[in-house]
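Order of writing sets the chain letters: A, B, C and D. Residues in each chain are counted from 1.
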Amino acid sequence: MILFLNDYSEGAHPRVLEAMQAGNLSQCCGYGLDEVSLRAHERVRALIGCPEADVHLLVGGTSANLIALTAFLRPHEAVVCADCGHINTHETGAVEGAGHKILSVPAENGKLTAGALRAIVATHTDEHMVRPRVAFISNASELGTVYSLDELRALRAACDELGMYLYMDGARLCSALASEGCDVTFADLPRLCDAFYIGGTKNGALLGEAMVVVHPSLKPDFRYLIKNRGGMLAKGFVVGRQFDVLLADGLCMDLARHANAMAQVVRAALTARGVPFFVHTATNQLFPILTQAQMDFLSRDFGFQVWSPLPDGRTAVRFVTSWATPEQNARALADAIARMP
Amino acid sequence: MILFLNDYSEGAHPRVLEAMQAGNLSQCCGYGLDEVSLRAHERVRALIGCPEADVHLLVGGTSANLIALTAFLRPHEAVVCADCGHINTHETGAVEGAGHKILSVPAENGKLTAGALRAIVATHTDEHMVRPRVAFISNASELGTVYSLDELRALRAACDELGMYLYMDGARLCSALASEGCDVTFADLPRLCDAFYIGGTKNGALLGEAMVVVHPSLKPDFRYLIKNRGGMLAKGFVVGRQFDVLLADGLCMDLARHANAMAQVVRAALTARGVPFFVHTATNQLFPILTQAQMDFLSRDFGFQVWSPLPDGRTAVRFVTSWATPEQNARALADAIARMP
Amino acid sequence: MILFLNDYSEGAHPRVLEAMQAGNLSQCCGYGLDEVSLRAHERVRALIGCPEADVHLLVGGTSANLIALTAFLRPHEAVVCADCGHINTHETGAVEGAGHKILSVPAENGKLTAGALRAIVATHTDEHMVRPRVAFISNASELGTVYSLDELRALRAACDELGMYLYMDGARLCSALASEGCDVTFADLPRLCDAFYIGGTKNGALLGEAMVVVHPSLKPDFRYLIKNRGGMLAKGFVVGRQFDVLLADGLCMDLARHANAMAQVVRAALTARGVPFFVHTATNQLFPILTQAQMDFLSRDFGFQVWSPLPDGRTAVRFVTSWATPEQNARALADAIARMP
Amino acid sequence: MILFLNDYSEGAHPRVLEAMQAGNLSQCCGYGLDEVSLRAHERVRALIGCPEADVHLLVGGTSANLIALTAFLRPHEAVVCADCGHINTHETGAVEGAGHKILSVPAENGKLTAGALRAIVATHTDEHMVRPRVAFISNASELGTVYSLDELRALRAACDELGMYLYMDGARLCSALASEGCDVTFADLPRLCDAFYIGGTKNGALLGEAMVVVHPSLKPDFRYLIKNRGGMLAKGFVVGRQFDVLLADGLCMDLARHANAMAQVVRAALTARGVPFFVHTATNQLFPILTQAQMDFLSRDFGFQVWSPLPDGRTAVRFVTSWATPEQNARALADAIARMP
């Protein structure tokens, strides 16, 4: 059985593990203040071309979103996101657990639009309603789609106009930026977003996400919030060493390109068979629409996720590739697709 | 410079890293539901002789305490602890951040006593005050002291009488149970505590703590709370593999014994010099009282923590050993102590 | 200018004020434990025929909802409501501020249906999502509509099946039960709802709502939660005396019938003119659809609320009557409606 | 039985009730934005000589403290108070329920000192501990003592030096300012405090406290927080009318002077008998130390509170007078004191 269930089924990229092995018994400072972690921070700042950004290495995606929104919002302030936003659907109410309402709006291709943002903010007019304060986007989105530069500029302009912050969940950011046709680069992000994180867990690390805080108002006391919400590792260097390697010579983007390329192998096979898609993507997630017979055929050898049953009896499913997907596995799936009923 | 600053300065025990390396590229289930994690759960249950206990592998100490108390308490319910309790002093208000008051009482040798517990509960009589509901203890305590079986039985009896739960923070539990003179075993814990955790971060793991929930009332929906508070790793197997090794053949207790033995090397040197102690311990933390000249002398080659300046001009300091402390380092410190002014 | 803006523009019914005057200088027990408050509790229990219900007199609607949901839910548990539910739209995130996600579903005529409840619960399958635990309904709804006995039975059955509690916001409960065609009585409520409140603020009191907790699991420590959330008045008798009068001889239902009758005067005038309605109601709220010319005409002498601009240029507006609406005011509005363009 | 149990046993001053009666059936704006409420705001600003202060009329003391601290603090920030502070002891964890740690320090005569404030702040040095941000004082204190101008200036200076806000709970502020020897006036408060409230509940109102926010950083969105925490009354004018009367021509200070004078009648009787005091006060609370025989004698005809049993078998008790205490009642108690064994 070969799994295409998600992008967190394997451990870390071998070079990451090597680095952890190499430094394992050297003594170093705790709580993420060690030299290697600080060097990883520098690598992030260099990558995005923003020397004044604050960088914090965090444990995982839900923790990162929870800490960021706890830090950025006052109790009556809300975050706006697409209805499929991870914070809205799959974080067990973590943001509400921190006291904040999530205002969800209909997504377009999995994405928040400036128009939807403006529309929901316009209905929040006085102190009997929450005050929308942060716009949350995932890039790549939960549906594998990618924000274009124009879309991000439109969101940035809307946020500026509305007095809001723009925050990007980048659990799959490298896959997004590495995707074909993406016109956004790391260097664009500090101008477009007030804060965002670069995902490690789904891109070669055992665990860890690199939070980047750009807007000066969002910086103060962020480490207090990390600790306050249980997100500060005593051995912070465990994450630091991983990002140090991932960012050292573009490994993170190499890994994302590989994940995308493996998805492309599968995508091509699906397209060749004329299989329709629930949503069109260029990243490491694919959402083809299969017949029951096709699902039965493929599920003999491959693990994938049922995404959404459709009214006509067919089913949208999800295949996910990753940095760890061997090309032979992608080819095997492509072959099976070619042979499926 | 040799550091005796804390017990989280190094990475993981080599066997732990080996196990992570070995399973690194095999695909497995996420969120801690993989086979190795489930096997680690079984090992915990076997270790404590309690097949019906629930086990959850968590990320770190603050996160573990935060999740447990979030799960165990209603909003008006409070946790009682010694004034030096970690949740009271060094978790940046994480428990209050989850909405609960901490009632702190004067510690005796770093420990909560049944008498102090009864006394504070007695003053909480009606709905204008919080309702004390969980007694929190750290074992070993923040001052390196260890609860005796009698002390734990007295706390258990008090909790039963008062309608309270007893929860143990076991960040240094193995060191406590491995310490000379300790008459408590793992098998005692499920009878004494309603929940507790076995610390990994400070005892050979890169990160991770094994939460054990014994009381049936505290079990429901615990995994929801883990996710809700940002403590669920996508690659939960990262912690599972570590505990699988640590618990496989008694490694965790071997490591704790080593840490304690290294502390004993230093303790003996201090005692031989007639150095007084701020508090007497049998675990991996030492709190000698040094003169300024002694501090100056030792700090040339060794890192240690200033704990508390004393009125007479001397200073209580803290030396911490760990599973990773090479015997030659402990000997080097012992030698320096013998030579200090 | 005669206001039909809402049902909280005037003070208290004269008999209520008289009672407050009469007892004003007698000394009595604080925090709602005085004799008159306890008698008001008894009157509530008699009214609903449920001697074992717990009654708590609270300050206002948001506070009542906030306290109830804080008391009833664990942190990962969510409340389901219609998208127009007051807690979802007009309480400034108070429920989220208490840590709980609100799952909103499309309303039917302002009401939550058993089908919508079942559908959203069905999508919440594991610990990565919140656990739906309370179904919230407002009766009368925010759109002035009333739940029928069949609708409530269907919701009760769904809640039983789904392991959920049914909670009713009764800010306008008397108006609902007094409305023409309503087949639900006070005596039905303890069998149908696990908890609900009987609104005072909008039905003759200066302030105050009577919370009724029926389900034994929801009763413990409710007074702690009232205090914990700032809802316990030192002079609790201020609310007690008001409910004592309102419930003494059916005054609360007399007031609700008056409010409904005044609405009927206006409704009849609108119907006579062939004015369409945004939603059909039988309570003290009316939602006619007016042309701009009609709005301009009526707004010269009457205050009312713009509810929702419609695509065709017309506007749904809201007229609200109350216990305090003089018949001449309702007639004046009816006359103007007859004369409007 | 004549009660000296507390200062909230009676309703409102007759003039307050008259005003409520007079405006009862006039229609007015909701949520505290009516003309009379706004006039009450103006009266507060005039009283304290601070035209730029924001004023918010709130429901009660716990609610006021809860809302203020929710508005003023970020999640990792703490409030420092004397150990006897109301928020620390008798608000059922409301402040912690809003997510904030309370750092309590030993009180001197019921008061927080600048020295104790500096000392506790000095121990909070990094992100592993909460950040002390607000100093909380009650004036009069929970022990009936009053802050002198020098004491408040010292606290102000400490707060300025430490980057903290000074917040005063004024549940009994009028009694404090009206007390013999008090050298602080209303006009001093805006210079000394960043925010404070003037208590109504214990000084002639049915309910209500007037929150004053002076520091510009604490003003934004305060009304959102009132609503978010359930403290906004639909009929806000109910509190507005009361403060309008209490502040119109000095009534609030007249009432406080009366309460203090009645306490003085009792105090003189106790002093004449040589009864010692647990703490010396000049306000409406008295804490004499009685023998069991004296308690038995007095409790036949008078209600008072057992405050604290003393080691020598005697008991500190509390007598509280109020605006509503008839002189004959105070005299009756004084007479009984003269006759007690």
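Assume contacts are C-beta pairs under 8 Å (C-beta built on N, C-alpha and C of every residue); 3 or more make two chains touch, one makes a residue touch a chain.
All values reported here derive from a predicted model rather than from experimental measurement.
Between subunit B and subunit D, the least number of touch steps comes to 1.
Using the average of C-alpha coordinates as each chain's centre, B ends up farthest from subunit C. Subunit B and subunit C have centres, each the mean of its CA atoms, that are 50 Å apart.
Subunit C and subunit D have centres, each the mean of its CA atoms, that are 34 Å apart.
Chain centres here are Cα means. That of subunit A falls 42 Å from that of subunit C. Chain contacts: subunit D has residues 75-76, 91-93, 97-99, 127-128, 130, 224, 227-228, 232 touching two or more partner chains. A complete topology is adopted by the chain contact network, contact being made between every pair of chains.
Across the interface of their complex, subunit B is touched by residues 2-3, 6, 8-12, 14, 17, 20-21, 23-30, 59-67, 91-94, 97, 201-202, 206-207, 224, 227-235, 237-238, 324 of subunit A. Listing the residues of subunit C that touch subunit A in their complex gives 75-76, 78, 89-93, 96-102, 127-130. If you check the complex, the residues on subunit B that touch subunit C are 31, 70-71, 74-76, 98-99, 127-128, 130-131, 221, 223-228, 232.
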